[in-house]
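Structures are listed in the sections that come next.
The same subunit A turns up in both complexes below, where it pairs with subunit B and then with subunit C.
Right after this comes the complex of A and B.
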């Protein structure tokens, strides 16, 4: 690990120690701020009892489905709008409006339309992931070097070949950056979706823990979400490195 | 081979950039087109390539009108225009793989071209790992891989240092002679034009203003550049360019 990595780790440990000392030394109620040791105990117990596992799997499934669906549609939409300026001028205002509407406000409507369970959460997650991919892919499609486009014209490449053999590979850095943003937002989408209309999943668990005033469990769930969000981001970084080699 | 008949082209709001140009090239001939920046020589080359369409007149290749880029033409751009995500070999094979799978003889021909350019050891490297001169050589190999009877070149060596440029001129002459390709070469370097060409034509304000027949023997050794005849031809060309200023 590089020096900056070690410094970052030490900083994190210092914050945890300070938090532990403050919570115990100031005798703060565990309802307000449980010390990290108590959070870790809640986390350990949650996994050991098998209570947390199904919730983690549920949220993970929604993130994977929502991220996959939203990213795929965003990518395809970006390619299509990049290729057909007329469609872009007609559709873009509506796409922007669809993103301006807060997803949390959409959740009750989606429950009415789609019922309780994973489906509305997957849809919310997909809606959130859609836009970064759409924007980044669209930008990539529009910023291909004109001389390269001329080369492909000279080589009598079809539109299809120009998209898949020039524009998409050339735009990979921007498209993968969109994926990195989307994977982080996917966790926000899934958890927020579960706040509203789910009985399973980490978001539902936070609401349940709030109802029973189990603050250590709330923190434990936040730790799980943070670790999984971080891991998925790192997975995207690894994917990006391997695809940009 | 290539014929231009009364070709004219105008960018909106400007006087004609190519104005009634007549041109005919014989098979195996190397023609250079010289002129100051903005005189219309790149536009003329793109009209000949079918990348642009004349507003009047016509372009013929082997007596057939050129309405779009033709498989019998290769084009080398001002920048090497290589695809960074492909290996050197795959870049060279691109004009083939866009239309069909590369056959063993295509791959052998690509390797042969790379060998002639002194790039055999770099076939599996990516373009960013190559020097500017090496990238230009790969671009020439790519243009020649389909064995086009006509090669169109738009100041391909302009960004290179003098020694690399001379080496590339020798490589180009050797490869074109081996393949029997005709070349229409646009440059603003008069010594380069005289060294490469059988005929040098001067362009100014969209018109062909005169030509110099280069009667130097072939093959042309590097020290030919220091002979009185070579210098006399350069002086004649220079005088012609000053005259049409």
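Right after this comes the complex of A and C.
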């Protein structure tokens, strides 16, 4: 591990120790701020009893489906809007509006429209993941090296060939950066979606823990989400490195 | 020739178990199709309070009455009614405030079973605040779960009984962790439910004064509500549904320990067995009243309901008069 990595780890440990000391020293109620030791105990018990497992799997499924769907549509949309400026001028305002509308407010209606179960959460996750991919792919499509573009024209390359042999490969760094952002937002989307109409999943568990004022459990769920979100981000970093070699 | 006959015989023998399997499958399919699907739109996620609805797989109360039970979660009584009105559910488990508000907006609904005839709401304050009666709330900061929650509506009921209104206090939206701001002194009092207070006490709330709304107006906490069309067209199925619900509630009252045990497996918040038992006992207690003792579980107290309508109209939750006898039906209730 590099020096900065060690420093980061030490900083994290210091924060945890300070948190533990503050929570126990100030005799704060666990309802207000549980010490990390209690959060870890709740986490351990949650996994050991099999209570957390099904919820983790449910959210993971929604994240994978929502991220996959949103990223695919965002990428295809970005390519299409990059290629057809007319469509971009007509559709872009609506796409921006679709992102500005708070998804949490729409969630109850999405349940009414799409029914219960994982579908509304997957749709909310996809809606959130869609935009970073769209925006980054669109930017990549518009910023191609003019000289290479001219070369493709001279070689009479078709539009299809220009997209897949020049624009997408050249735009990989921007597109992969969009994927990195999207995978983190996917966790936000899935958890927020589960706040409203889900009986299972980490978001549903946060609401249930709040309802029963089980703050240590709530923090334990937040830890699980953080670890999974961080792991999925790191997976994207690894993917990016391997594709940009 | 003999070989051919033997082959035919073997083929016929093969067919016997196959036919038996397909026959029993068709019988099973027919018996399964006889079940009438009823989906309940809840106000909450599948929590311990409603254990009797969550144990269908274990106890089969509804199946025994020919009902295939479904449950869709919600975030409040308004959510439950929205899911009912959108056709996602057949029955809503909702509160009187949401029910009256929907009627006020012209929806055709009918309440058919009084789930909790006791008002389970209260206003909790630290002893040091010396808040003992509704009039003491004047000028205070009071926490509510959310602006669309039953805690706010029942706080309004309480204030109304003391001749006060919301403008006489400062409302603070605290979310579900409503006792934390009270303990921190960020609010002077907080509106809560009986189960909320129970959990708060177990989490170290300390000495508090509690004003129970039922001592001022004992308005029911939750009903089963259906669309008028469902009420008119599916009376026989609804009767069976209510009978099954009553069976499940009677079981939960007689066997709270077993219910608490099953809640560990079935309820999303049911990890703590002892707390499950306390919550179930509270809900059992709020399911009975002097009216239900006389007329059986699920019976409505129309007089207190009408008083509730008047209170809601007085503080502006509803605009027009609602005659409760027109929107509440007791003809589907199980025999006492």
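The definition used in the following text is that the second predicted complex is superposed on the first by the 245 of 245 C-alpha atoms of A that agree within 3 Å, B and C clash if a C-alpha of one lies under 4 Å from a C-alpha of the other, contacts with A are read in each partner's own complex, and residues count from 1 in each chain.
We adopt the following convention: a contact is a pair of C-beta atoms (placed from the backbone, for glycine too) under 8 Å apart; a residue touches a chain by one contact, two chains touch by 3 or more.
Keep in mind it's a predicted model, so treat the numbers as computed, not measured.
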Contacts of A:190 with subunit B and subunit C, given as first, second, both or neither: neither
Which of subunit B and subunit C A:155 touches, first, second, both or neither: first
First, second, both or neither for A:166, with subunit B first and subunit C second: first
Contacts of A:212 with subunit B and subunit C, given as first, second, both or neither: second
First (subunit B), second (subunit C), both or neither touched by A:147: first
Which superposed partner A:221 touches (first subunit B, second subunit C, both, neither): neither
Touching partner for A:51 - first (subunit B), second (subunit C), both, neither: second
Subunit A residues touched - subunit C or subunit B, whichever exceeds: C
Subunit B versus subunit C as contact partner of A:199, first or second or both or neither: second
Sites on subunit B touched by subunit A in the complex: 49, 51, 68-69, 71, 73, 75, 77-79, 81, 83, 85, 94-95, 98-99
Residue numbers on subunit A that touch subunit C, as the complex places them: 29-32, 49, 51, 108, 111-112, 115-116, 195-200, 204-205, 207-215, 217
Subunit C residues within the subunit A interface of the complex: 44-47, 71-75, 79, 82-83, 86, 88, 175-177, 179-180, 183-184, 196, 199-200, 203-205, 268-269, 271-272, 275
Residues of subunit A defined as touching subunit B within the complex: 145, 147-148, 150-157, 161, 165-166, 169-170, 172
